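Each of the two complexes below includes subunit A, the first together with subunit B, the second together with subunit C.
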Partner chain A sequence: MTKPTNTGGGPLIALGCEGSANKLGIGIISHDPTTGKTAVLANIRHTFVSPPGTGFLPKDTAKHHRTFFARIALAALRAAKVTPSQLACICYTKGPGMGAPLQSVAVAARTLSLLWDRPLVGVNHCVGHIEMGREITGATNPVVLYVSGGNTQVIAYAEQRYRIFGETLDIAVGNCLDRFARTLAISNDPAPGYNIELLARKGGAVLLDLPYAVKGMDCSFSGILGAADILAAQMRAQDKILETEGPGALKEGETRITPEDLCFSLQETVYAMLVEITERAMAHVGSAQVLIVGGVGCNERLQAMMGSMAAERGGSVYATDERFCIDNGIMIAHAGLLAYETGFVTPLAESTCTQRFRTDEMLIKWRDD
Partner chain B sequence: MAASIDPNFPCALTVEVPFPTHRLASVALKALQVDKELSSLVTRSFAISAPSDGVTDTNAKGNILQAQYKATTNRMLRVAVNSFMESLALVMEVMEELDEDVLTLQDQVN
Partner chain C sequence: MTDDTEPQQFPLPAILTYPSSKTPELITQGAEGRLYKTTYLLPSVPCALKYRPPKPWRHPVLDARLTRHRILSEARVLVKCRREGVAVPAVYAVDEAAGWLALEWVAGAPVRVGVNEWLRRRRDSERAAGRGGDAVVTGDAPGDADLVALMRRIAGALGRMHKVGIVHGDLTTSNMMLRPWGEGRERPANGHAGGQGDGLLEGEIVLIDFGLAGQSTSDEDRAVDLYVLERAFASTHPRAEALFSTVLESAYREAFKQAPIVLKKLEEVRMRGRKRSMLG
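Our next item is the complex of A and B:
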């Protein structure tokens, strides 16, 4: 590991602010340069949950982050028992993400940096996920599957970049799941994907026919969502027939569609696609480790499917639980502090946000393998 | 209000926000001026000024944040100023809750 730029000795502490989507997270992390140990001192999160049948809009999400920033930051400082003067830097998510929520958190992070006279470090959200996943699981050089509401990428490290091997051609896998939850008007609390997972566990009597859209190393999900929406409409038509004409009114041989089987079929189809492209990336790179990060990464069905693929290749799957998988402040603090230790800071005038910020744009100076 | 009308940006509004100290006014200015205006139909400039009521010597460096907005239409002006006000409210809340002297005071109370 590279030596930290400040030579005061003792652990370096950073505060991280995340707000690229509907989670506002503030985390405080400590790196001990002598032992190389990392300690999570605080990891507080507050989620903007929109009503069933709706998604989170940028304007409302930004308002949520502005409303909760001060109290979440205070809670993080209290939990960590840290004062501002002990911090080495303030890290914030520079992108990618939704513009208005990103900007509202950046304004607050800048204010903290100015009030406390601490440097800012702008962090790539995807790199935050990857570094936190590596730290928590101990996976040294895995193929990374980054799956969330906004991103779907298969990533492998080479020569100080996290390189994208495959990705979605349209919407993210989490966006496909979130929007299907909206079609079914199921709750967004705690997360739409989690509620789909619970429904899917009760399904499985039939695997409904959905398109399977892998194109080389890339995936496409919008057509699958469209097909699932059509099946959901057929289900509601069946509901109506059964309600008005009584049981047994369905046509001979017609499959009765249920929300449980729909959720099951959607999960099986999209996760099989993700496992396929991940396996291909592992074969390319010659790696047996696979690390799953991002909000969809806490789906246990995805973890199980990936696990059996990895086991057949003589490897294993590394995943984290919702504290670190779902967007959080600690991953921003962690990746930011890694960059800070190599001498990286973001000057105030450059502390803007960007909705588009690809994973491979970031130089991973702290890795020398 | 703006003294003279800019023909390209005829709709103008200047917001003056007094802060307790020059330091806080300057923090607000620096935190808010980083993000560019998203629309080319709006221009803005920030400055810090001193109160004009004769008590300038106590706040010689000025403690008033002056935000001057100019836009092509009143609608664009309203959108830009609203967004400024939202960010300003966040900056002020962070100051109120998280400035170091406030945190020290809170620790003493608890």
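Our next item is the complex of A and C:
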């Protein structure tokens, strides 16, 4: 496919399609080469929300994305007041993510590419988060904590790659929170992690004992989830005893477990771990800036803890709000356009997607610091 | 990444506020603690005081539990290593309730500093010779001998540590020091580098920072130790990544009888890492 000539050297505009998990997002961004300014022209998202107590399955999620793609794409074009002929390229998430949803969006992106005769740019989802975070916050060279439903990584840039310094050894922190929300049958609307945060704000009378699992710059969450699930079962047993035998039926000195304290303790434990591995990476690379990206990055408790740690190191925390830290199309458009500007395009025949695509696999040609 | 951490003004821990012949000097803000240079008993005995201040962002119950546990386990593991002849700083004093540990002062600099400076100079001389300078270090160039020798010493130190039943839990090039060769610490006969001879990578490996360490003889734990270092090395010094793994393996084999089993496990741990499903 030929690279369209940029008529008149005006701003370059790109459309980005994201659907690696349960959010379908389409965004339109413009980069002005003369001023160096970036403008978000549209950023539309539609989330597949599964009923309480359940997670989102690949099949249903893919169906959701297929159903809404055309509608969301149109809405984005309208919001941006842009016609397809003005686009320089169509960017899409190549991975990582869930196979079926990724594929449904890749097929849709290919369709747009053929329909409008615009080149494709495949983007690493994690790099999208990082670049959008840097753009919005102005953090130049931060240590990045990337925390979402599928990922937990501590990342720093070196020699044209985002290098992974630490990561989870089992499940992602967001997955731990989501699954615990299912244990408690908390609503998934707007997001399970958000509802855990709300409950946690009402808790805090006690810190329930959960394992704390940090190994250098790596960490692990499955043991914590298991322990939290056990405590939740104990809580339900207490509910039963109190119901049948009346108040005061608990053993002498036994802590009454509540959903609020469970959520509070889970948050305090896992966020302390995340702050710790981030701090370790900061000490190791000698940076005092930290950028939090990914859906869990909206959590205000995590942001506050990270901010306090960074302040103690003479630096600060950079975070974005839900428009940018929760999966979205604009970040794919942004990172894709950065790559496109260095001459990168994804030929149609190679426009596949992949469930596994590590952050450090993508060459960051647009940075040379 | 450049160092953008400004030296901070912190209140001293109580132990450092007593009158002494030398004012304590904040050397660095490590991953968890602040490291002061002070003296122990005599003004002529330098001492590293590792202070873990309360972390206000952590729940106080959790914070106290972690600090106490880590100081005690660091002290315990250091004593054991010392007794078994693994090069680590001596423990002078501990107060886990106040959050500090007084250690023998280790002269020299962290391995990370030496390696980064070495790689920087190498790149500069490559560029001066008109080459790109981004080439990976293969170990074959005559100038690479220093780095190969250093990696061999690192692997040797790890082998000795594992042999005595300790796993470190946080191996990075920041957590090992290069101590200048001195009295009673001669450079080993086979350790002669014969490289550029700028001395940047010279010295004895002294392992430090045992806050996450523990006693274990499990090959899985040992393999994870090596894996953590391998990854830390690759992300910190990407140009020397490939060299690291090969040299590490062969020298580790020489230092530790059980190495073949550990290295087999390491292969499994690596596979697990690569296969780790990464969802968006």
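Please note the rule applied: the second predicted complex is superposed on the first by the 361 of 369 C-alpha atoms of A that agree within 3 Å, B and C clash if a C-alpha of one lies under 4 Å from a C-alpha of the other, contacts with A are read in each partner's own complex, and residues count from 1 in each chain.
In the analysis below, a contact is a pair of C-beta atoms (placed from the backbone, for glycine too) under 8 Å apart; a residue touches a chain by one contact, two chains touch by 3 or more.
What you are looking at is a predicted structure, and each value in this text was computed from that prediction instead of being measured.
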item: First (subunit B), second (subunit C), both or neither touched by A:A283; value: second
item: First (subunit B), second (subunit C), both or neither touched by A:K365; value: neither
item: Touched partner set for A:A108, first subunit B, second subunit C, both or neither; value: first
item: Which of subunit B and subunit C A:R201 touches, first, second, both or neither; value: neither
item: Partner with the higher number of touched subunit A residues, subunit C or subunit B; value: C
item: Touching partner for A:Y212 - first (subunit B), second (subunit C), both, neither; value: second
item: Which superposed partner A:F165 touches (first subunit B, second subunit C, both, neither); value: second
item: Touched partner set for A:R71, first subunit B, second subunit C, both or neither; value: first
item: Which superposed partner A:R182 touches (first subunit B, second subunit C, both, neither); value: neither
item: Parts of subunit A lying in touch with subunit B, wherever the complex brings them together; value: 62-63, 66, 69-71, 73-74, 77, 83-85, 103-104, 106-108, 110-112, 114-116, 348-349, 351-353
item: In the complex, subunit B residues that touch subunit A; value: 27-28, 30-32, 34-36, 86-87, 89-91, 93-100, 103
item: For the subunit C and subunit A complex, residues of the former touching the latter; value: 1-6, 8, 29-32, 55-59, 61-62, 66, 112, 134, 169-172, 174, 212, 224, 228, 231-232, 234-236, 238-239, 275-280
item: Residues of subunit A defined as touching subunit C within the complex; value: 18, 20-21, 93, 95-98, 102, 125-126, 141, 148-151, 156-159, 161, 163-165, 167-168, 172, 175, 207, 212, 214-218, 268-269, 272, 275-276, 279-280, 282-289, 304-306, 308-309, 312-315, 327, 355-358, 360
